[in-house]
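By written order: A, B, C, D and E. Residues from 1 in each chain.
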Amino acid sequence: MSDHETTPIPRRGFMRAAARAACALGIGGGAAYLVAPRTPGERVWQIDPEKCIACGNCATYCVLRESAVKCVHSFAMCGYCELCTGFFNPSPNDLTTAAENVLCPTGAIVRRFVEDPYFEYTIDQNLCIGCGKCVKGCKMFGNGSLYLQVIHDRCLNCNQCSIAAACPSEAWVRVPAARPHLWKKVT
Amino acid sequence: MQFTRIAKALPASLAALGAALIAFLLLGGEGARAGSLAKRVAGTDMAGKTREQVAVAIEKASTLTVCDGVPAAVEGAWPCFRGAKLDGIGTERAPLAREWGPEGPPVLWTIDVGEGYAGAAVLNGRVYLIDYDREAQADVVRCLSLADGRDIWRFSYPVPVKRNHGMSRTVPAVTPAYVVTLGPKCHVVCLNAETGAFVWAIDLVRAWKAKVPQWYAGQCPLIDRDRVILAPGGDALLIAVELATGKVLWQSPNPGRWQMTHATPMPMELRGTRMYVYPGSGGVAGIAAEDGALLWQTDAWKISIATVPSPVIAGGGRVFLTGGYNAGAMMLKIDAQDGAFAARTLYTLDPKVFASIQQTPILYQERLFAVKYDGQLACADLDGRVLWTSGSGNTFGLGPYALAQGLLYVVNDKGRLTLVDAGAGEYRRLAEFEVLQGHDAWGPLAIAGGRLIMRDFTRMVCLDIRDRAARAAQGGVQ
Amino acid sequence: MTARGAISTRAAAGLIVFLALVAAVVAVALHDPIGRRGNRLGRDFAYETKDLRPIPPDLIRYAERAAFDAGLAVPRAIAVDAGDKIYVAGDRAVVWFTTHGAPAGARALDGEPTCLAVGADGTWHVGLGGHVEVFDPAGARAAAWTPHGARSYITAIAAAPDAIFVADAGERLVLLYRPDGAFVRPIGGRDAARAIPGLVVPSPFLDLAMGKDGLLRVTNPGRRKVEAYSLEGDLCFAWGEAGAAIDRFCGCCNPVHLAVLPDGALVAAEKGLATVKVCEPDGALRCVVAGPDLLGENALGCDVAVDSRGRIVVLDPAAKKVRIFEPAPPGGSRSQETGSAHE
Amino acid sequence: MNPRGPSLFAALKSDARAAARTALVTGAFAAITAAALLAYHVRGSAEDFIDSAEIADLKSALAADPDNGALKIEIQERDLAIRRAYFAKLARLDRGIYLLLGGVLAFVGSLAWMAFARRAAPKPGAAEPTAAAEARATLSARWSVAALAVIAAGLGAAWAGRSDLAFLDRAVQAIEEAKAPPVLAPPEEIAKQWPRFRGPGGLGVSAYLNVPAEWNGASGAGILWKTPVPISSDNSPVVWGDRIFLSGATKKRREVYCFDAATGALLWTGKVERVPGSKDGPDDIMEDTGYAAPTVATCGRRVYAIFANADLAAFDFDGRRVWARNLGVPENNYGYAASLLVYRHLLIVSYDQAKPEDNKSRFLAFDIRNGKTVWDTVRPVAASWDTPIVITHAGVDQLITCSNPFVIAYAPDTGRELWRADCLNDDVAPSPVYAGGLVLAVNTGAQLSAIKPDGTGDVTKTHILWLAEDGLPDIASPAATDDYVYLLTTHGLLTCYETKTGKLLYEEDTDLSFNASPSIVGDKLYLISTKGVAIILRIGPTYEELGRSELGEGVHASPAFQDGRIYIRGKKHLYCIGAR
Amino acid sequence: MRFPIVPTLALVAILSGGRAAAEQRFPPPDFSPGYSLPVTEAQGAPARADARGYIDAAVLAGALALASYLALGRRSRRGLVLLGLGSLAYFGFYRHGCICPVGAVQNVVLAITDPGYALPLTAALFFALPLLFTLFFGRAFCAAVCPLGAVQDVVLASPVAVPGWLARALGLVPFVYLGAAVLLVATGSTFLICRYDPFVGFFRLSAGLDLTIYGAALLIIGVFVGRPYCRFLCPYGALLGLVSRLSWRRVTITPAECVRCRLCEDACPFGAITTPSPETPPARRAGKTALAVTLLALPLLMGLGALAGRALSPAFAHTHATIRLAERVWLEEAGEVEGTTDQSDAFRATGLALDDLYLAAGALRARFDTGTTILGVFAGLAAGATLLRVSLRRTRRDYEADPALCLACGRCYRYCPVETDRGKRHRKPREAAP
C-alpha cells in the first residue's frame, strides 16, 4: 500500500503484479496438478501383515505415548488351538491361563474355552500395547491369525509416521481411507 | 477494592491449588485400566470343558417331562435354602397352629423321593426339588404342585451317582422366572421355573476344577438379585453367574485352593459393602459381591472332614460358625477399616457347649437355636452363653429345624415333628407328632403358605400347619 | 529501569538463551538422527525360542548325504517311487530326479499342486487344490476326480495297491477311494459312537501314510497327535502330546508331514522350528533326523518321503532344496554343526 | 466505573507484585510437575517396568522346578504387581502431562500479566540512524554471514567425517565384477609365477632354470635379502610378480603378509578377523602343524588364505579384504593343512575331516570374486592334509585329490566325480603329482600308486599301472618327471623309481630330516632339510649330489622358484636367494 | 516415507501369494452349533474420514481470511492474539499439530519426486493456501494461524533485540533447512521438518525427552527472542518470506503517513522494522564496489557450496534407511560387526538378493551426490543473496515493516501515535497508558 503511494513507478508496480500473478498461478496450478490426477489417494497408514516381522518398534516409536498399533485377531484364520503359541510362552509350565505360562506382558490376550478342543482368543485392546510378541509366536507355530494393525481411532495419521520411518521391514504402507485395514481373513 | 484483593490473593490460592494438584499427581492411583487387571491364575479360560460344553451335553442328554400337576393357588414362598431371608424363618401371614390334636397337623400329600436329604423350595404354588432317579441314573429337577404333590414337570439329565448316604442333598433356588439346582456331582442347572425348559448349565467340576465333596454336594445355589452365587472351590472360591444367561460375571481368586464344602455362601452387608461369607475347606472368606474380590479370609475356622452348616450372619459384622467333627462353634467379627476388612475371633465354643453338626442354627430375636451333638435343642445368646437346653429327654439327632411366627419346628432323625415355643426363655414344647417313621429325616424344612414340607430318606410330606381358624378362612385342602 | 538494570537483564536473557540453545543442540544430537537406535523394548518382549532350537546331539542319528536344488520357486510336495526316483511337485509342475539328484524330467500341470503320491505301479496322484488328478507312469493325465466337498483342499495322498487315501484338509476328512476313483468312505470324521474325536485341521496341513502294520496313520495337527485308523475307519489308537519339548508337537498344528520307514517307524515333520524326527509306530521318539539349525524356521514344514533303502528324503521349502538323509551314528553330523555356515 | 474500587483491569494492571508472585507460584508448579514427569521418565522407560528381570528369573527358577506351587503363586502375584505398576505409571504420566500443560499455561499467563503490568510507554530510540552506523551494520552482516558459513562448514565437516560409503564402492565393484567375466591371468602368465603350494601345477617344478644353486646363510653369500615374518608358520611362499605372499597365525590371530620381492619389505599385513561364524582355535592342534599350515594361493589379482579354524579370506594386492567366510572348524586331529588352489575363477578348498563313515569330508569351490560357493561335493573319505592338483589329461581337466582311502578325480568346474581308486590308507599328507601321463599318489601305510587318469567310476582294479612300497613318505610330496619319481621321507630316505614302470632305481639315506617337499629345476632336484641344509642332486637313475648349501635357519616350507631367485621361508625369516 | 527401493519383490509376491492363498481359502474349525465367530477387534473403527481434512482446510482458509482482515483491515492486535490462541487450540492441541503447512512442503515435494505418492488434497491446500494469502495479504498466516507461531508468540514476554547482523546470518538457516528437507524427501529418506518439529510434542502431550528438551529450549529462548523458530529455522517461513516480497498488500506500521516520531523503533520483537535512511548517504562508490565484488563472488560461493555439498553426500546418504541397511548387511556379511539387526533380519527374510540391495543403495547414492551438490549450490546462492541484499541500499524515508521479515503480528500498531490518534477518534480506548 505504502509502496503504491510512496513509489509511484507504474512499471515496477506492473512487474510486481505480473510476478505475483505468475507466482499465484504457479502455486495454485502446481498444487492442483499434483492433486488432480491421483485422487482418490492412499491416505492412512497401515501395516502390511505379510511383511511385518513384529519387531516391536511399533510399540515404542509411535509419537503417542501408547502406540496406535495394537494386535488384532483374525478369528476366521485362527486354529482355536489349545496350545496357542501366541498365548503361551515358548515352553509353558502348563497349558493354563496362569501368569507363569502366558506370553502377553500386559495380559491383553483373553483365552476362553469354546468346546473340546477349541479355545477362543480375544485381544483386550485396552491393555494391548502392540509389542507384537504374540504375533511372533503365532506366526512361528501357528496360522498367523494374530497380527498388528494401526488402530485408526488412535492414529493421528502424521505426515511422516515415526513408526514407518523406523520399520525395519518396510511393512508400513499408506492405504485408502475407505479401506483402512489390511485384514487377514478368509475370503 | 475487591478486585485488588483478588489480585493480591491470587498467588496464595494458586499455590494451594498447585500443591493439591501435585499431591494428586504423586499419590493418584493406577488409572482407568487398573480395573481390567486381574491376577492371572489358572482356569480363567474355564478350560477343561466348561459351561457351554456341559450345557450342550446336559441339554442334549436331558429329558423334560411335562406331567399333569397344576400349581396351587397358594401364596407364600420358601424360594431357597433357609427361606426368602436366608434365616430359616418362614414369613407366614396366616396364623399357625400352636398345637395339634393327636391326629397331628393335616398331611396334605406324601410322595416318594429318591434317597437323600434334598429339601424343597416353594414359590407360586410350586414345589421345587432336586431328586435323584437311581433307575435312570439321572438327576431329576422336579416341579410339584404345592396342592397335591403331583409333578408339574420333571427335568432329568443323566449323572451316575453311587449310593453314599443318599445322593441328592441340596435345596433349589427359585425366582419367578428361573430355578437353579445343584446336583450331587456339582452340576448346576438353570431351568425356566414355569416350564422346566433348559436355560443353562455348568459343571463345576470340569469348569472350575471343583472337587465333589465327600457324600456329594450339599451346597445350595444362592440367587442374589440377578445372579447366582456358587462356591466351586478349585479354580475360583466363588463365582457369580448371570441368572438369565449363565455368563460368568466374576470369579474370585482362590489362592489357597480351598475346596467346596457342604455349606452355602451367605450374604452379609457391612459398612455398605455387600459380601458373601463362605467357609471353604481351608478357612472362611468374605468375597465382595460386586466383583468377587477377596475382602478377607481367615483360617481360624476350618473343619478337615466336612463343613456342613452354613454361616449365620449375626449382625454387627459378626458371623457365627459351627460344625461337627469336634469343631464346636466360633463367633467371628469382621472389622472394616478404610475399606479393608479383617476377621478376628470373638469367641469359640466347645462342641459340648453349643454347636450344630449338620443343620444351620437359627438366629431369632438375638437367640441362636441349634441341636447339639447330643441331640438336645439348645438356645444360646450371641455371646455364646447357653440359655437353655431341651434336656436329655428331648433329643432330635441330626434333624432339621425351621421357625415361623415364633414357633420352632424341629424334626428328629426318624421324622417326628416337634413344635417348640421359641419365644419362651426355656425349652417349651407345644406339640409333637410322628409325621414319618423313616430314618435320616435330615432334609431341610420349607415353610410356605401355611404348609410345612419335610422329608425323610425316601419320602416327602407336606403338612398344613395353619391353625384351624385360618384354615377355615382360607380354604382347606384343594 | 536503569541502564545497569537493563544491561543485567539482557545479560541474564543472553545467558538463558545460550543455555537453552546448548540444550536444544544437545537434545537434537541425542535424538536418533538416522534411526539407528532400533527397538527399545526389553528382553521380555522378545519371543525367545533359542532354548528350543538345539537338539541333543545324541538324538540326531541321521546325516545329510546330499542336497540338491528342487528347481522350483515354491516346491510343495515330495514323493519317491518304487525305483527311488524322487518327484517334487510345486509351482505348476511336477519335476523328477534320479536317486542321486540329477534332474530327470518335468511335467507341467494345470494348477498349483498341493500334494503328490507315486504308487508302486508308477501312477501319480496329484492333489490340485480341491481335486485329485491321476497320471499314468509316462505322465499322461489319466483322470481328474471330482472334489469331495465344497471346501475340499487336498493336502496328502497315499496310494496302496487297491486303495487311494486322500487327506482332505478342507473337509477335515481322509477320503478312501478305489484306484478307479470310486469313493468308498470317509475316515476320521467326528463320530461319538465310534469314539472318534475328529480331525482338527486349523491350517492346510493334513498328512497321512500307510503304516507297515496295515493301519493308516493320519496326522491330527490341531490335537498334535498321529492317529491310526483301520481301513474300515475305526480309530485304533493315537499318540502325540502337545508341548515344546523335542518328543512333543508344538504350535497350533503339528505334525504336518508323515512318512513310514521300511521298519514301520514313522517320520514326522513339524513346521515352525522345522524339525524332522523318527518315531516308533506307537509314538515313542526314536531319534531326530534334522532340526531347526539345519532346516531353519519356516511356516510350511518339510514334506518327507522314504525310499526303498530307508533314506529319508526331505523337501526343504525354505532353501528350495531336496535333502537326503541316511542313518549315521549319534553325535551330530556336519550338517547339523556347519550347515548354516554355507547356506 | 466501579464505585467500590478500580476495575479488574486496572487492579491487575496496577499490581505488578501480585503478577510476579503469581508467576513465581505457577512457574514453581510447572517446574515441580516437569521435574516429577522427568523423574518418572528417568526411572526407566515405561517398558522397564514390565520387562521385569525379576519375573524372568522366577520363570527360569520355575523351569528348573516345574512343580513348585509357591513359585507359581509368587509369579502370579509379581506379574499382577508389575502390570499394575506399569499402567499406574502410564496413568501418572497422563495426569502429569495435563497438569504440566495447565501449569505452563498459567505461568505464561502470569508472565503476560507481569509484562502487562510493567509495560512502559513507547519511547523513541536512542539516536537517529547515521550513515556510519549503517555502514557498520552492513559490514558486520557480511562478516556474520561469513562466520556462519565457517561454522556450518565446521559442523558439516564433523558430520561428514563420520560417514563414508566405501562399502558401497566395494559392494558395487564386486557386483560388477561378478557380472563381468572373471578377470583371469592367462595360463602362460600363471606358468611363469609361483601362485600356489609347489608352483603353478602344484608339482614342485620350476619354470626357470636360472636359479641359484649355492648360497650361505651365515655369510650372506647368494642371499639377496632376508626379512623377518611376524608370525612363524609352516606355509610356503607364493609369488606373483613383485609380490611374495605368506600367512601366519596363532590360535587367536590370523594374518596374510605381502612382501616386496625387490627389497623384502613387508608391504602390508592383512588381518583376518571378525569373519562371520568364525571361532578361535581349535585348541587341540599339533604343534608341528600350527594354525597356518595351508599355503596361500593367488589368481594374480588377489591372494587367498585359509587357516586352521577354516577362516577363508581373500585380499586384493593392496591388502584390502575382499571377502571372507568361515567354513566351520574341521574335525582334524593334527590340524588343518591342505593348501588352496585357484582353478580359473574357482578357489578350491579341500575340506576333508573326521573318518570316512562320518561323511563330513567335502570339496568346495568358491567364486574368487565374491566367495560364493560354486560347488560343494561330499566325499566318503577321512581327514587329509595333502593339497590337490589340477591336471590336464587328454585335454580334460581333472582335480586330483588324495585321502584315505581314495584317490578321486573330479571335474574341477562342477565338482562331479570322474573316477576313483581305492589305494590309500591312514593319514594322507603327501600331495599327488602327475608325470608321464600318470597320477602318482602315495602315503605311508599304503603304497605309491601310478594311476592312469583316463578311467571312469572305480578304477582301482583297472587303471593302477603299478604299485611300489619302498620309501613311502609321510609328509613330503613326491617329485616326478616323465622318467623318474622321487620320494623323500621325513627321515631323509630318498627313493627313486622309474616313472613308466615303477621300477626302483635307488635309495639313498641323506641323514637329514625333511618336511619340505623336493623340487625340480630342470635336471636338478632340490631338497631342503628341516635344519636348512639344501641338497641339490642331478636327476637321473643314480644318486648324484651336486652340492649343499646352508641357510642357517630351520625350514619346514617348500621353496618358491622364480627368475634367478629362490624364496625360502625359514622358521623366522623369509629369504630371497639370488644373484645381485 | 520410505521408497520401495528394493527393486523387485516378485519373488516374495510369489511366495507370500501362494501361502496367502492357502490361508485365505482355509475355513475356521467345525464348531458345534451355537458358536459364532467373534468380530475382529477394531474392525468397526473407521479411518479418519476425509471430511476431517476438508474441515481443516476450510478452517485454515477462514482463519487466513480473518487474520488478513484483522491485520490489514481492522488493524487489531487483540484480534490477532485471540485468533492465534484459537489456532493454537484448534490446529495445535485439538488437531495435534498433525497437519500443518510447514510439513506440507514435504508432501508436495514427495508428490513431485515420487510418482507413486498421491498428494492428499488437504496437504495441497495446506501448502498452497498460506502461500496464496501471503502473496496477497502478507504473512497473516504467521501472525495468527500457524500454531507453531502462536505458541511462541504466547511465551514472548521479555523481548531482547537480536542484533541485525546476527539476524541476517541466522536468516540463512531456514533456506538451508528447507533445502535439506527437500533433498531428504526427494531421496526418500525422511520428513526432516516433521521429525524435528519442536512443538508438535507439546501439542500431542507426548514426546521423547530429547524433543521435549528441544521444544522447551526453543520456548525458553522464545521468552527473550521473538519467535526463534519462525525466524531462524522455519523452512516454510523462508518460502513465505520470499513470497511476501511480492504481496499485494501488507502490514504498515502507521495507518496513514509516518510522522517519524521514532516511537515504533523498538516495537517489533522480530527486528522487522526498517529505519529510514540516514540523511547523509554513505559513499556510493564503496557501496558499488561491494556490490560488484559480491556479484562476482556469487558463482564462487555457489561453487564452494557445491563442493561442500558433494562432500556431505555420504553423511546425507546415511539418513536413508536403504543405505543404512545396505551398509549394515555389508558389515555383517564381512563379519565386521557382530550379530544382526531387525532390519537386516527382515531383509534376509524377504529372500531378496544382496546385490540388488547394494545396487539400490548405489543408485540412491548417485541421487544423493546430485542432490547434495544442488543443495550446496542453493546454500551458496542463499548466502550470496543475503550478501547482495546487505550491499543493496534503498532509500527509505519512513519507518516501514520489512516485507520479508514482518510477521504481521500487529504489535507496532499501538506504538504509532497516528494509530492511537485515529483509534481515539474511532472508539474509546480500553487501555490507558500509565
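Basically, a contact is a pair of C-beta atoms (placed from the backbone, for glycine too) under 8 Å apart; a residue touches a chain by one contact, two chains touch by 3 or more.
Model, not experiment: these values are computed from the prediction.
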{"item": "Graph distance between subunit B and subunit D, where chains that touch are linked", "value": "1"}
{"item": "Per Cα centroids, the chain farthest from subunit B", "value": "D"}
{"item": "Chain whose Cα centroid lies nearest the overall Cα centroid", "value": "A"}
{"item": "Top chain pair, ranked by how many C-beta pairs fall in contact", "value": "A-E"}
{"item": "Approximate Å spacing (C-alpha centroids) for the pair subunit B, subunit C", "value": "56"}
{"item": "Subunit A-subunit D separation of Cα centroids, rounded to whole Å", "value": "43"}
{"item": "Gap in Å, rounded to a whole number, between the CA centres of subunit C and subunit A", "value": "31"}
{"item": "Distance between chain centroids, defined by C-alpha means - subunit C, subunit E (Å)", "value": "52"}
{"item": "Subunit A, residues touching no fewer than two other chains", "value": "55, 57, 59-60, 65, 78-80, 82, 91, 95, 98-99, 105, 107, 114-116, 118, 143-144, 165"}
{"item": "Shared interface positions of subunit E, touching two or more other chains", "value": "23, 25-27, 29, 32, 35, 158, 190, 206, 209, 223, 318, 321, 341-342"}
{"item": "For subunit D, residues contacting two or more additional chains", "value": "47, 50-51, 76, 79-80, 83, 87, 90, 94, 277"}
{"item": "Of all residues in subunit A, those that touch subunit C in their complex", "value": "54-57, 59-60, 78-85, 90-92, 95, 103, 105, 116-118, 131-133, 136-144, 165-166"}
{"item": "Complex contacts: residues of subunit A adjacent to subunit B", "value": "82, 94-99, 102, 107, 110-116, 119, 124, 126-127"}
{"item": "Subunit D contact footprint on subunit B (complex, rising order)", "value": "1-4, 6-8, 10-12, 14-15, 18, 21-22, 24-26, 28-34, 37-41, 255"}
{"item": "Touch list for subunit E against partner subunit D, complex", "value": "154-155, 157-158, 163-166, 168-170, 172-173, 176, 202, 205-206, 209, 223, 261-267, 275-282, 286, 290, 308, 311-312, 314-315, 317-318, 323, 326-327, 330-338, 355, 358-359, 361-362, 365, 379, 383, 386-387, 390-391, 415, 430-431, 433-434"}
{"item": "Partner subunit A, residues of subunit C touching it in the complex", "value": "35, 38-41, 44-49, 51-52, 197, 200, 202-203, 222-224, 242-245, 250-254, 271-273, 297, 299"}
